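Chain nomenclature is as follows: A, B, C, D and E, assigned in order of appearance, with residue numbering initiated at 1 for each chain independently.
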């Protein structure tokens, strides 16, 4: 997946013209290959794989009777999983639900953005460049600052609520922040670039002549989109939805800043507070591991169902 | 064992070497609204004066939003005996007790803090730190109820008044279990200093849980509830006494604080030197400085919490005579009669109750 | 008629989406001019003071400095390691290909809390001192996969015939790499590096787990949010945004001009 | 299946079979570049019309305007008397076989072919699509994706996808460019068969002159956005009216000549000292300096014996190249320059470099052009 | 500049001009598919060698092995007596013009052309590169990027980039495929000029038979990884030895015949009741059932009068197509099938569909093939 435009924008790159089988066959063997991948892989093994294994180990620890806060001993207590699952399955479900809604919303908002930049403005290089930067540049304002800004914009005494109230679109005691709505908005907003960029990267390579061919064959604009443009951009949509859904599921900043404390609790918040407030490492680890498995399971189902080479 | 963080290492970490002599700095993590502050210079005057007097530069940060959150943040490092970047942290009695018990604090050299003798006699001997070898009281205070006078002129008398439908979604309570649960239990008629148990705790927790899920309570927060008071998102809160006065200084006289009819909680926060701190001597100098009655009174005049320093009341005469009679700063016995300290919890009780409390408040 | 609606629908909707993206940034920018007190929640008057003295609020500049330092280091590390992996995976055959791809994909499929928590557990287990080092490691770790995925696409679209042509024209394998392969991958590598830097610069969750007492800019703001975010943070956030905009647009304009000049010749 | 099964769907074509395609004063400007310049064309319904011209002369642009993929800057287009200038592409009974195929990569070959039928909700879309695939001999690949086909196969799918809709007008933009010679001939036969049997109007763009000449009823030669000459192929070849057409359509030897006298139907000419004749009605100009043209294959090459025949010139063989069925000679003709000669390899004696020869022709095959024409126009420099 | 300025750089070519390229027993297998099958070739130094064959027959693979971009599965390659089978591509004095150009997109045209020279640290690399660009008439575009060029221009840059190195052997993989006819002819002349003047060895792969026939000293016709026949172009055309070569190289009419008698140098044949003759040395088989072949242009077509000439057959005109310089007829010959006839348009009378005709030829142009050969081999079905 080419997340970003590659500056040059010379349109569709040169196709190697090889089928994937031929491509596989044209690969070289040899030591150079191992030299290239080894450093990075060792890094990932040390700082990703190993920690996950030790997370798994920690999730089975127990707290001996009478031990003080934060003191655990190694064990194989699989019951930890049952306990956290029992206590927190609603938060897990809610996280998936929120993330799902946010992903769909981000898709609905991000797709036209990507389409506008990649297709409509394909030949307006400068404007296209500017809008593209606008998609990434928010990263540099810090997402907490922006989320905090949303909190203020949507505050009970803020401009949006006042307007909505006076238009009777919101009951007089209605509010936007500290609601599930606000959390989902925050998620949508914050992960929008992760949705937009892969779709953009895909649409940029879209051959607009295919759209013309659609028109030539009696398909109106909407049908052409439904039958041609959208299916062709599916790999980008896949990558975008995954890159939005996964972090959104585990996020807790939006829920913490924009949610209220019970109806919007996401699993990330629970993991954070199990780690940092309750100091229940085994529980927190068990939850983390569960979350990871659940996401992996969903992702694999999704990838199997729609298939993409873009990410994997 | 797997060492530091997750393992059950019984070996306590040992204190770091002190570099105070070569490095004239001291770092202090404190709660917000807990030191005199000058809006125009954006500085803390008493701290400036301390630096001027001692040549020690103080890095003051308002990093503590709540005891639990702060502990969680640093406990891994403390357990490993690492420097958490702070030479003084300010934590409430029960949390101070935990740190001391776990060996996460350095022993103070009281000889370096001659003014420590000024600590009020009632505070000199506490069960969690016999002889005050590890901690000194910074301030004490009350948790009670506060409200926005303009938006809610009728005011609040009891904790139950917070559940007024007019305040729906505009109420915030503290994530400090002892304060919030204490107030709720007292509202239920429980003597929180007494022998209460699961039943009483659960009753109060049910109330809390219901009010949160009904949306009456907007959020459960640490000291940051003050932000929502300012922005107007919160109109009524369970909050801390001095905070409200300071907000009225800084943002205009908008709020009022009261001890609920059923009673408020009383607590003390303590200055501690974490185990990995490398400027203990400088920290001790700073403590000594603030236990000087005049300096203590200067702070008290601003923060409006209970001043734990003997002689500060006299010093207050010169600073702001009006405040001498303020029961929130120099409480009378009458006033104190209606405020209580939640009884000490055993470690198991603590884990159990705080776990359930966290779950109820959506963590 | 239908056509006309279709023609306008995308720009209008896309434009609104951009507006949505920019509203909070505009808010941050506006409040960087607020004559704020300790909290910057209500408008109290216009001032340039914050812009004149962006480091006025204690620690905010230090946090920014840390963020930049971490961002640069992690970007360089992740880009180097990730680019090498991308080239290796596309151009060479391995016996454990599937495993290799999985190891790249898994960090992408793992939520940040889990990455942060597991790494923290690991660091604590081995008694590593939390600080800049651990944050850099954490950031490098989660950026590698993004770099691999981005650069891989570029490598895959690079015609291997070009490298062959270089060899055919007397370039040794090393020369072929530096003169042909690398320059052609460069836009992809730059894009990957930009993305890595952005992700590192904006990361909060993983940082929060692994930074000990080191503050990064997002972490500073998260903590400050409890006691009042100083207006200087708005200044820095706005300035970084504008800077990023200027740098990339500047580059765009330059390459645009160069392309025009080339075409004119 | 046979092509007869592809009976015309009366609903598909707006104007039915009686639909002449008329372009009036069509101009297309891209910013300041005029790609098509005030073009007038009448393409009778059911005819096979070929558009020839050098690269960049505006052929594709013209087709795109007919298809509705591009709006003309000026002028109007009508089909069967109905003005379609403003209609969207999907509303026109016109289909295109794109120069680049533009197959939908995510659909099977069959789905590609059935696409247009399904949009028009034709009942037995699949069956018709299969029939069209049969026609291009690709039914065995119906389930494949376009990427799994060779270039030639892709082009045939594109053809099937357009033909299957039985549009009033089928636009073909180099539909056979990617096919090798043999397959190309085969497809030409098929296309011609479809066109005659089903009675569609074909507008065919090609670089392959032989293709245009063999298939089309009418050929238009375009240059710089304008039509230079138009007519039945043999006529165009036999009697080009401009140097561009003479050179572009096959090869021509153009020699500067002076008209010395007019005798009845015949012009007396002088070319580099040789006295020649030219039929008056085969010349555009009848006085002064003109260009006289003769095709290489119309030249008889003989050993240069003394007898100076009428209508002949002399020269020396510069180069002979064997091309299989024939040999191409370059002859340096005195005072005229290099002249190309083309002889079929019946097996007679070949000439070698340096041989002195005499080139003779029947004046009935010579043609005369304006003396102000550029002798080199259309002779290949345009592609540079 | 003139090509003479491109004097050979003695350092560039390992074996100097005297370097024969020898492939012995070269086989290339891709997993279980044999792309090149036990190939033996000797390409004399300084010759222009053309490789012809249908798509997929192994031409590119052969070139890639010569260039060192692919290792042969078996066999060896030597250049000027030196075994180069194992040498890396960058160590061989061989350059390639790739089928897909493979221009470096990030470099200017000039830098592309100078690339090889710079790698070899040639002093005046830029100047030489400019000279090479002149040669392909692109010096005005030296500063552009490849993406800013048309397909034909790109191909010429690829040509210049290879030629400029003056390699001992230049491999050309369809170097002119993207050019239009006129430009193509022009480039052919240039290429031939470079080759003769500088004395390089050219190995040229092309689909264009005319190109191979006109340019090469030696042509090899490949099929399924093997060389079917090899020799000077006229010889191959005149006397093909297999049905594949006969059909692939130009068109042939192959008719089943039976040898009825052998008389001295002549074979007596019977074809569908007609008595014909064939020179013995022009036939591969001399007894039983054979195939007799005759090129379409070698056939004389006459109105069918009573007198049955020797060496002629009768038929009915099925189709006539005008291709400009000539007309191609399809004639249904009695008992033989469809026969193609090719007549130059001298301007004589044309035949029309349905005319009864007699086709006659000079037996000196007929050839005989083994009766077991497939009459259709190489006739275009391969591409399907």
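Keep in mind that, in the parts below, a contact is a pair of C-beta atoms (placed from the backbone, for glycine too) under 8 Å apart; a residue touches a chain by one contact, two chains touch by 3 or more.
Quick caveat: nothing in here was measured; it's all calculated off a predicted structure.
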| item | value |
| --- | --- |
| With subunit A removed from consideration, the chain sets that still hold together | one piece |
| Most widely separated chain from subunit D, with each centre as the mean of CA atoms | B |
| Interface with more contacting C-beta pairs, comparing B-C to A-D | B-C |
| Centre distance in Å when subunit D and subunit E are each reduced to the mean of their C-alpha atoms | 26 |
| Whole-Å gap separating subunit B and subunit D, where each centre is the average of the chain's CA atoms | 92 |
| Rounded Å distance, subunit C centre to subunit D centre (Cα mean) | 56 |
| Per-residue overlap in subunit D, given as positions that touch at least 2 other chains | 88 |
| Interface hub residues of subunit A, defined as touching at least two other chains | 14, 58, 152, 220, 272, 275, 281 |
| For subunit C, residues contacting two or more additional chains | 3, 41, 120-121, 125, 159, 161, 225 |
| Of subunit D, residues touching subunit E in the complex | 54-55, 137, 150, 152, 179-183, 185-186, 207, 209-210, 213-214, 233-234, 237, 249-251, 295-298, 300, 321-326, 342-347, 362, 364-365, 379-381, 383-384 |
| Touching residues (chain side subunit A, partner subunit C) in the complex | 1-8, 13-16, 24, 26-30, 32-34, 36-37, 39-41, 43-45, 47-52, 54-55, 58, 109-110, 112-113, 115-117, 120, 125-126, 129-150, 152-153, 189, 192, 201, 220-222, 242-243, 246-247, 249-253, 257, 267-268, 271-272, 275, 281, 284-285, 288-289, 291-292, 295-296, 299, 310-312 |
| Contact set on subunit C toward subunit A in their complex | 2-3, 6, 9-11, 13-15, 17-18, 20-25, 27-28, 31, 41, 81-82, 84-85, 87-94, 100-101, 103-115, 117-122, 125, 137-138, 140-141, 144, 146, 148-150, 153-154, 156-161, 187-188, 190-192, 194-195, 198-199, 201-202, 204-205, 209, 217-218, 221-222, 225, 229, 233-234, 237-238, 240-241, 243-245, 248-249, 251-253, 255-256 |
| Subunit B - residues contacting subunit A, complex | 1-2, 5-9, 68-69, 71-73, 75, 79, 98, 101-102, 168-170, 209, 212-213, 215, 217-220, 231-233, 347-348, 350-351, 354-355, 358-363 |
| Residues of subunit A that touch subunit D when the two form their complex | 19, 207, 209-210, 212-220, 223-224, 227-228, 231-232, 234 |
